[in-house]
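Both complexes shown next keep chain A, but they swap its partner, so chain B is in the first and chain C is in the second.
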Partner chain A sequence: MPYSDKVIDHYSNPRNVGSFGKGTPGVGTGLVGAPECGDVMKLQIKVNVQTGLIEDAKFKTFGCGSAIASSSLATEWLKGRTVEEAAKIKNTDIVNELKLPPVKIHCSVLAEDAIKAALQDYKEKWTNAAAEARTGAS
Partner chain B sequence: MTPKLPIFMDSQSTTPVDPRVLDAMIPYFTEKFGHPASRNHPFGWEAEAGLDRAREQIARLIGARDPKELVFTSGGTESINLALKGVAEMYREKGNHIVTTVIEQRAGLDVCKRLERQGFEVTYVKVGTDGLVDVEAIRSALTPKTILVSVMFANNEIGTIQPIAEIGRLAKEKGIVFHTDATQAVGKIPVDVEAMGVDLLSCTAHLIYGPKGIGALYVRRKNPRVRISPMIDGGGHERGMRSGTVPVPLAVGFGRAAELCRELMPEESKRLAALRDRLQDQILSRVDEAYLNGHPEKRLPHNLNISFSYVEGESVLMGLNKEAALASGSACTSATLEPSYVISALGVDAELAHSSIRFGLHRFTSEEEVDFVAQRAVEAIQRLREMSPLYEMAKEGINLKSMHWKAE
Partner chain C sequence: MNDYFAVFGLPRKLQLDPEELRRRFYELSRVHHPDFHQGASEEDQAEALSASALLNRAYRVLRDPVSRVEYLIALEDGRETREGADARPRAPVDLLEEIMEVQEALQEAKAGGLDEVSRQRLSEERQRLMARQLAEEEAIAARAAEWDAVVVGPGDRTALLEWFKQRLAARAYLRTVIDDVSDALGQGEERHVSHRRH
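Entry: the complex of A and B
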């Protein structure tokens, strides 16, 4: 099964591979999938708690080339979006962009799950801080 | 020096035709094109002579007493179908129980599933962590209704070689027909149906540097005489067991391929085992947490199967696929989207089934190719581990097994 050029590009030159240091302010982490299923994605966002803007994103993925490409693309799309905008990224957007075949759609679903999990984690950890930051600013 | 790319290292899937095999086949396409069943003219005689010779060459390779014991089929899958279904139908009066193993290739397992739907009972014997079948486990699976024992000679993924002679003795002692799927073993390691007590043996040409589209089923004629019902009815070719015009050029190629394997095996198996060990050493000495799958000694000389923790197999293949052709037990590389049932049957962590890579060496594999593939595989694995959240967590001392994973 040949891969699309975009999948090959993300696989060969993955964007934003890595992790944020523990305790970095504004970081939300999503860890989805399971080793026995053959794919695990860790996706992190770093949000400016004052503006709600995602300033940076990183990923690490255990999985096939399409899973790696889906998470790499997700980090690219997350950067510069607000938390609210980020929640609107759909797996079908990833499928279309990477031209994933039907057997690889679950990779895009996992990437969407990872985004949601990272946003959720951010909200749980930093919502209060964000509120305080905004109160302080006003 | 970089060898010619891409490098083919997937020889348990197929092998290239040896040019000497092709040379033997060519006259049978254009000049000696007769129908081997045409008994009344020289074209038929010539074709039949070609077939007879091919049968002799294959018989010699597997130690068959009589070339007539070989039935030509379209390949390994058909041979396995004919053996299992043929025995099931012929011996139905005698019993309805079949004993096989969990690591048979798909054809063997799928035929058994079908027979189960038709009222047969099948016991799937498990294998040990080294991939070996315990003969005593087979013995205890036998019942008075058992009509067939079917155990593969050597596994297509992990290369583990089963104790065929011991199973043959057991089957003989109990008077049960014994079939072995020897598609991966024939031509690579010594196979002797007489010495090993094999009653039915499936093999195929394309795994021994012969053409695709032809295989054979060995059917024992003496001690005991084994009978099978045909699956394809027609002109009564192949002693009534497989009707249909035998593709003579392919059969001639199969025969020549068998002859070459028999001549070259002593030297070739040593050379390939040395290259395989070189590949294994180069990889295992440079990659931590890499595990050999299958039995470390009782294995095919040209097979190497390793699981690399924390990286998924398809992603490794993708990193190499412009340069080297390998195979993986990863779910993403299988048509069923399940990870390898063979690696899973070894009782290893499911993650390691997704992480297995199979290297298949062959007659034309060079030392340069081995060194190149080892280097590239190590690089790909290291790169992917830097990208792997599991590797990162393991390095931080997190026990991955104690994690609660949010699977889909």
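Entry: the complex of A and C
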């Protein structure tokens, strides 16, 4: 199956591969998988608790080229967004950007799931800290 | 469309007699075998060929107890591994974490050129994972009778369906990571070609 140039670019030169150290403040982690193919994807965001902006994002994906490209693209898009804006990223945006064929749409779904899971994890762990940081600052 | 059970005239049940299945397979193989349709019209020949292909596919899936479960559960769930389907089963996070760890260790070992020590470690890991996969398969097979009873009688079908989906998903993750480790060790299984990564 021919991959689009953008998939090949992200696959051969993935952005933001890696992970944040355990206990890094403001980090939310999403760990998801696709049972159809056994792919696993870990996506992390690092949020500045004072501004609510996603300062950094990292991923590790063990899967096909499309899954790697989808998560690599997701980390690029996440940086600089607020948590609320990040929640608006849809798998269809990824499909369009990477020109994924129908059989690879589930890879983009996986990336959207990973984003949601990371945001959820961030909220559970850091929402209180973020509120405190803002009251402290005002 | 004929489901694989209907191909053999069998009820949609997880428990079946392998001997009976085999007997029906040979019987039907003779009926549909292209060699017996050589004098027939082109249309009939094409039909026999596709019937024969369907029969072989059906037999391959149904004779293996786990792929039989996989097939029937997908059938009952009404979404035969359709791409982009929603409501996918969520694997337990600790399993995903474990798979992630194995994959990371594998990546590291590969980057380090797979020396004797790391090969040994991966080999042990592979054994351990294969034992886990076998345990999942046995757990799945052990509840086949329960499913068959629920299909015709009272009982919580939905909960059992969910249970099967979860276990099948867990097995799928294990199978993939085992494949990846096997590939790295040059011990790829001949029983199936890596079903992904294309």
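Quick note on the criterion: the second predicted complex is superposed on the first by the 134 of 138 C-alpha atoms of A that agree within 3 Å, B and C clash if a C-alpha of one lies under 4 Å from a C-alpha of the other, contacts with A are read in each partner's own complex, and residues count from 1 in each chain.
We adopt the following convention: contacts are C-beta pairs under 8 Å (C-beta built on N, C-alpha and C of every residue); 3 or more make two chains touch, one makes a residue touch a chain.
Since the model is a prediction, treat every value here as computed from it, not as a measurement.
Aligning the two structures on chain A places chain B and chain C in a clash. Looking at the shared chain after the overlay, A:Tyr3 reaches chain B, while chain C stays out of its contact range.
Legend: residue contacts after superposition of the two complexes on their common chain; A:Ile68 is shown touching chain B, with no touch to chain C. In the superposition on chain A, contact of A:Ile105 is made with chain C only, not with chain B.
With both structures placed on the common chain, the touch criterion links A:Pro25 to neither chain B nor chain C. In the superposition on chain A, A:Gly80 contacts neither chain B nor chain C. Touch criterion met: A:Lys42 reaches chain B and chain C at once. Partner contacting the larger number of chain A residues, of chain B and chain C: B. For the superposition on chain A, the stretches of chain B under consideration are 96-104, 132-140, 204-212 or 258-266; the one running into chain C is 96-104. Residue overlap on chain A between its contacts with chain B in one complex and with chain C in the other: 31-40, 42, 60, 62-64, 103, 106, 109.
Across the complex, chain C is touched by residues 1, 31-40, 42, 60, 62-64, 102-103, 105-106, 109 of chain A.
Interface of chain A with chain B (complex): residues 3, 11, 14, 17, 19, 31-42, 60-68, 103-104, 106, 109-110, 113, 117. Those residues of chain B that touch chain A in the shared complex are 310-312, 314-315, 318-319, 330-332, 337, 339, 349-351, 354, 386-392, 400, 405-408.
Against chain A, the residues of chain C that register as touching in their complex are 81, 83-84, 88-89, 91, 93, 96-97, 99-100, 103-104, 107, 168-169, 172-173, 175-177, 179-180, 195-198.
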